[in-house]
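We just call them A, B and C in the order they show up, numbering each chain from 1.
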Amino acid sequence: MLSTILSGDMPRSRILAALLIAILICLAFAPFIFPGVRSVDTAARICIFIVLVASYDLMLGYGGIVSFAHTMFFGLGAYGVALACTHMGRGFDALLVGSIGGAALAAVLAFLIGLFSLRVRAIFFAMITLAVASAVAVLVSQMSGITGGEDGLNYKIPRELTPAFKFADEKIMGVRMNGKLLNYYLIFTCSLLLFLFMLRVVHSPFGRVLLAIRENDFRAESIGYRVVHYRVAATCMSAAVAALAGALYAIWLRYVGPDTSLSMEVMIDILLMVVIGGMGTMYGAVIGATLFVLAQNYLQGLMGAASEAVEGLPILPELLSADRWLLWLGVLFILSVYFFPTGIVGRLREGKKT
Amino acid sequence: MSDNILSLEGVRTNIAQYHILQGVDLNVPRGAVTMLLGRNGVGKTTTLRTIIGHWRAHEGRILFNGEDITKLPTPAIARLGVGFVPEDMGIFADLSVEENMILAAVSGPIDSARLEWLFSVFPALKTFWKSDAGTLSGGQKQMLSIARAMIEERKLYLIDEPTKGLAPAIISTMARALRELKEQGASILLVEQNFAVAKALGDTANVMDDGRLVWDGDMKTLATDADLQERLMGLSMETH
Amino acid sequence: MTAAPKHAPKMAQMTIAQRLSPYAPVILVVLLMLFGLVAIPSTSSWLTLTVSGLAMGMMIFIMASGLTLVFGLMDVINFGHGAFVSVGAFVGVSFLLLLENMTGASSLALNLTAMMVAIFGAMAATGLMGWAFEKVIVKPVYGHHLKQILVTMGGLIVVEQLIIVLWGPEEIYITRPEALKGAITFFGAAIEKYRLVAVGIGLVVFLAMRWVLQRTKVGLIVRAGVENGEMVEALGYRLRLVFVGVFIAGSALAGLGGVLWGLYQEVITAHMGNQSMILIFIVVIIGGLGSVEGCFIGALLVGLLQNYVAFLEPKVALISNIGLMVAILMWRPQGMIPVVKAK
């Protein structure tokens, strides 16, 4: 039963299994275990980023394709919902149209980029996606009439998903039964389903061909698989799921802007999450996203404290300042690519074998 | 110092998971033409590539002039005086014939007397001196490739199938060039499928099969013994 | 014996189109300039735009040339190349700020000396940094594209952050040396002096690079190495050394590009290198990865198009370059001047 849900991909490591179960439980009961606006917000971000990072892993870890346009796809979903909500008015139909429209557009765009670049060389894809994504980001901030420019868009989502809506008067375990809670569980459920869907994809025959291509594309081609077709298909699927994650993000935040959904910073976050968690494992996305979002929210404060502690010494306070946290992530990132190319999940699984 | 310029002792080379050379013992005497023969895919090209250092021997030793070169990088091996003509000719198509030759003269400017000699052997090179090497015909490319190895005096020439796919007229040019090189007292290790050429040029012969040396001896002995040829290479030289 | 080559008559059979084909990229630049002349109503604006387009193209070329050669020679793709642009700009601008009394003086000689100091300081710094970057970041991941992309991107993040640590998070504004301020009028068109300087430096770099590649033995080794590195080694040349040299030179050029770009924009930020990577990638892709000539022509096309379109329809300027890239890849999927690999 469990094996069927997980598409036969058991964690294969006791520590990993324990971690995954702990994360699942924490996320499933987050509003009750960690009440408070900030911690529920963190939990929702974790859910969404797990999906986003897993969709990136489908492309990078399984397809062997590096993309720098993943935030663009993410942003397409987010702006899809935002625009639909702005123009169609408050309603679940707007959410649905926005999400599906964004995902479809993302898939089409991914198809076009893939067709142009993957046909020639896989590294073209990395370069072209970087260029296209940056251009789109600039375009979005310039077309302020439609997208709100740098300020982004605020919009209304169905009342049932906002704090103003109360479906029960009494509190349970001190938690208000309001629309925000429903919104969280909408995010949680969709994220879980999307993640299980991707787990299914990578363990389908399609996923196995992708792995064969990643190992040796010449051999895969000579066996008779059209490498380009598989890669383009993986890219489209990955883009569509990323757009859906973006749609969830837009529903949760009730705001979209270039910084939250399109910026290069988010792209780098995704890269760090997937590499640190473990490329080509799917569960790496869970571990990587959870660790990263937690670290982002809580570790920066710690760095600030450390920076104050070394106040007066040369350079050190600058290096340890909370704003320089990307510096240390960058170092960590390079070291993980060198020494732990399989990330935390790979390490845990190897540890079990020996 | 022995009278062998090059010796391979039990050389094994793996490419990916495949064991291509499975213990090759080969001696190349100084001042002679040593033939390396055998059917396609038995490891002749891999042997040459292992000597020049493109592939690495996983076991065994390669001695050049008594010096162990097994672990030396390719440029260092070449600098010891090894000229290499690869199977695919390895010419630089974007460079002119002249530039190809300038590059091949590693130790300094081209020696003009030697160049004149090469022009007399390969007149086409003079005609197309300024043309891009990529515009040459297959035979001319092969001439350029060999001329590149010959532009400086090397202690040893490794030449991989110089007559492959060439028209008979060009093969005879090629054979003449190699003969003149031999007359200068050069040491040559030559992989050749054309038996007429092998018979005319070879002093000693080595036959490979399945990643090993299966026979070595005088080229004359091999050339006159049809049964031996049949047994070693699965075909007789006379049929060619 | 080898008589007259049999393929020679083919030359005469080539059609005009075939004969023009190698020059098509150059013709494209001319066509683009003509298009600008037709589309832009006033000739003097066209002239102004053309010069600034050429200036921009030259600067992009200087920044991109190292990247394309490094790729051609060792199949290494360096996503951190932009880091050298940023560092070059910061080091160069720091020198200029130090030499304020020289840049502020109205003597052309003093101004140029200050510029030279800034440029050579920046190039030395980025060259040295390139050497370290190659050793620490790139060397361990030879032959592995995916890791190269990830690791060099990581290197870029780290360098950007270090710039902020050393120079602070604020952007730095810089004014050009006194004698390079302002514009000259030429056929009624105002042409900024600095742009002319940028065009001049770009041309010098391009011609010098071409001379090295065509006329020196090192250049021959580089060109041959782009095509067939294995054979270059079999001739006795240590390709790795040459590669490290090219990497250092490419990094120093990116640093030079950074100084020029910084003075062009009159403001520098730690992210400017990363931003310039967008145009650099477009240029090396449309030029043909590994081709210096392609890179040059690609850079001119991008610079000109960007300036024309920015004048005609400002909002689509950046998108226009994406459009250019798509169009060129449809025409020649490997770029305008594809590099032939022996293998």
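We take it that contacts are C-beta pairs under 8 Å (C-beta built on N, C-alpha and C of every residue); 3 or more make two chains touch, one makes a residue touch a chain.
The chain lineup, named per UniProt: A, C = Branched-chain amino acid ABC transporter permease; B = ABC transporter ATP-binding protein.
Note that the structure is a prediction, hence the values are computed from the model and not measured.
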**Asked** Among line, ring, star, complete and other, which best matches the way these chains touch?
**Response** line
**Request:** Please indicate the chain closest to the centre of the assembly, with centres calculated from CA atoms only.
**Result:** C
**Asked** Just curious, how far off is chain C from chain A if you go by their C-alpha centres, in Å?
**Response** 34
**Message:** Could you work out how far the Cα centre of chain B sits from that of chain C, in whole Å?
**Reply:** 42
**Message:** So the centre of each chain is just the mean of its C-alpha atoms; given that, what is the distance between chain A and chain B in Å?
**Reply:** 57
**Request:** Would you tell me which residues of chain C are touching chain B in their complex?
**Result:** 1-2, 5-7, 217, 220-221, 223-224, 226-228, 230-239, 340, 342
**Prompt:** Which of the residues in chain C end up touching chain A in this complex?
**Reply:** 77, 79, 137, 140-141, 145-147, 149-151, 153-155, 157-158, 161-162, 164-165, 169, 274-275, 277-278, 281-282, 284-285, 315, 318-319, 321-322, 325-326, 329-330, 333-334
**Complete:** The residues of chain A that touch chain C in their complex are 60, 64, 66, 116-117, 119-120, 122-124, 126-128, 130-132, 134-135, 138-139, 142-143, 264, 268, 271, 275, 315, 318-319, 323-324, 326-327, 329-331, 333-334, 337-338, 341
**Message:** For a test of understanding, state which residues of chain B touch chain C in their complex under the given definition.
**Reply:** 52-54, 73-75, 78-79, 84, 86, 88, 90-95, 99-100, 102-104, 106, 122-124, 127-128, 134-137, 139-140, 143, 148, 169-170, 173
